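Chains: A, B and C, in written order; residue numbering restarts at 1 for each.
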Amino acid sequence: MAGTAVLGRLTWRAGTVASVRDETATARTIVLTVPGWPGHSAGQHVDVRLTAADGYSAQRSYSIASGPAGDQVELTVQRLADGEVSPYLAQVLAAGDPLELRGPIGGWFVWEPAPAPVLLVAGGSGIVPLMAMIRTRAAAGTQSPFRLVYSVRGPQDALYAAELAERQSRDDGLHVAYVYTRSTPAGWPVPPGRIGAGMLTAPGWAPGQHPAVFVCGPTGFVETAADLLVSAGHDPRSIKTERFGPSGGRS
Amino acid sequence: MGIVSPGFTGRRRPGGEDLPPGQYLVTDFPVLSAGPTPRVDLASWEFRVTTETGQAQAWDWSSFRALPSEQITVDLHCVTKWSKLRTPWRGVSLDTLLADVETAAEFALARSYGGYTTNLPLEDLLGGQAWIAYEYDGAPLGAEHGGPARLLVPHLYLWKSAKWLTGIDLLTEDEPGFWETLGYHNYGDPWQEQRYWGD
Amino acid sequence: MSTHLDGNVLGGELGELFTADITAATGRCVCCGAISAIAQTRVYADAPGMVARCPGCGEVMFRLVRVPGRAWLDLRGITCLQLTLPAEP
């Protein structure tokens, strides 16, 4: 099971923002330095807690985006227009600021380097923990074939697009396919539309190849995708899911 | 207290109002639920009052809507600390509904479609303190806020105002409900900040 | 609309109560008998507490309330919880 399965009691700890970098017009990655970080597995998340001067606090969960990197942890936050926490993290938080977090959390939705093929299905910001898996795989030098099916509204909303393209071009074992639900890039061969069975079998793995399957995104997306995968013959026990709130992340 | 996050204020709006201790004002109407939103068909909707002797009185939607109703404006205080003031509802007073019910019971247990329960003293349902509300802000009460009809007991924390109401049992012994059995205060007076056991 | 998350979101709160990871622990629903990992339960977290429901029948498997300094955990909806612990060194 995950190497970080037993940590002792989880408590809040303080990290410091080392840097931030924009991913899209509405999302950015926060690079944190967390002294004493015990390491994490791909797919795990942290809880982040913000506290106002008068003691009012708000707490949300964010998937860890980075692979293993000592005491460095990266989170990618999608700003939600009516969010309470995401606007702060995506716009106000700056290098040098403290950030309280609890983690790493999770022993279920986790990928440890192993030879079995893997199918990753991401809806919107559900790409974040799956990106940690892709990055962890690269860092470990694992040969296990990975296929990612990534559903986004339009090309401008895709996180890590350049990095995914670059990794795919260098690595025959990684294949990335996009599903555009509202607007497509110029010259895209199909009109925009939601994920359908064909998008999971053609670019993804056939059930006979027994991939480990990870699905992450808003609840509605995850349930649709999981149903499609089961209908296509994938063993439900090989499918692990993580649901974010309706707009992605517990806003 | 946690580490202060520079520049973070949260979703609250400044008070300037007389709020119960520990509450903050909101302008939206948060939706909190312990389960999926029940979808109740009006044709099968029923509200039933059952006394301690097993006597029952029930209303279907048309007989319920035929009862005299009133327009009320009340403040809502949720135990999760948000308050929403001057909310407009239309509903039937529990005084009207319980007028013909013979009972020596002191306690009540409100039951919702979907299984939720909450308990309160019977006297807190009477004397113009409680309604079964079916309209919010001039429109039929939406499912996410407890429609077709919910209990409204504004002098207690909002978890006592059971959504998707389907019945009230009158009991001789108090029976703690869904949250009252998991740490929430048995009575729940926001002005005495009775949130949890022992408060 | 009230939508649900899954038991992954409880990992942090449960991680403060248990030293082993609970999200991968499995439990049998007392109502329908289905066995689910905690991570697979349907969690309604926008409430005065967190409620985890069986992904099969929808009944409550467990509930958790966390306030500063106290926690209340009701596991009556699970016949028992099976945890996988790392092997002894």
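Basically, contacts are C-beta pairs under 8 Å (C-beta built on N, C-alpha and C of every residue); 3 or more make two chains touch, one makes a residue touch a chain.
Note that the coordinates shown come from a computational prediction; the quantities given were computed from them, not determined experimentally.
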Leader among chain pairs (count of C-beta contacts): A-C
Core chain by centroid distance, with centroids computed from Cα atoms only: C
Separation of the C-alpha centres, subunit A versus subunit C, in whole Å, is 22
Can you compute the centre-to-centre distance for subunit B and subunit C, using the mean CA position of each chain? Integer Å is fine. 27
Quick check: how many Å separate the C-alpha centres of subunit A and subunit B? 39
For subunit B, write out the residues touching at least two other chains, lowest number first. none
Mind pulling the subunit C residues that touch 2 or more other chains? 1, 4
Going by the contact rule at the top, pick out the subunit A residues touching subunit B in the complex. 12, 14, 49-53, 55-58, 84, 88, 92-93, 97-100
Touching residues on subunit A, where the partner in the complex is subunit C: 1-2, 5-11, 45-47, 61, 102-103, 105-109, 219-220, 240-246, 250
What does subunit B use to touch subunit A in their complex? 1-12, 24
Of all residues in subunit B, those that touch subunit C in their complex: 30-37, 78-80, 115, 144, 159, 179, 181-184, 195-196
Which residues of subunit C touch subunit A once you look at their complex with the stated criterion? 1, 3-9, 11-12, 15-21, 23-24, 37-40, 45, 84-86
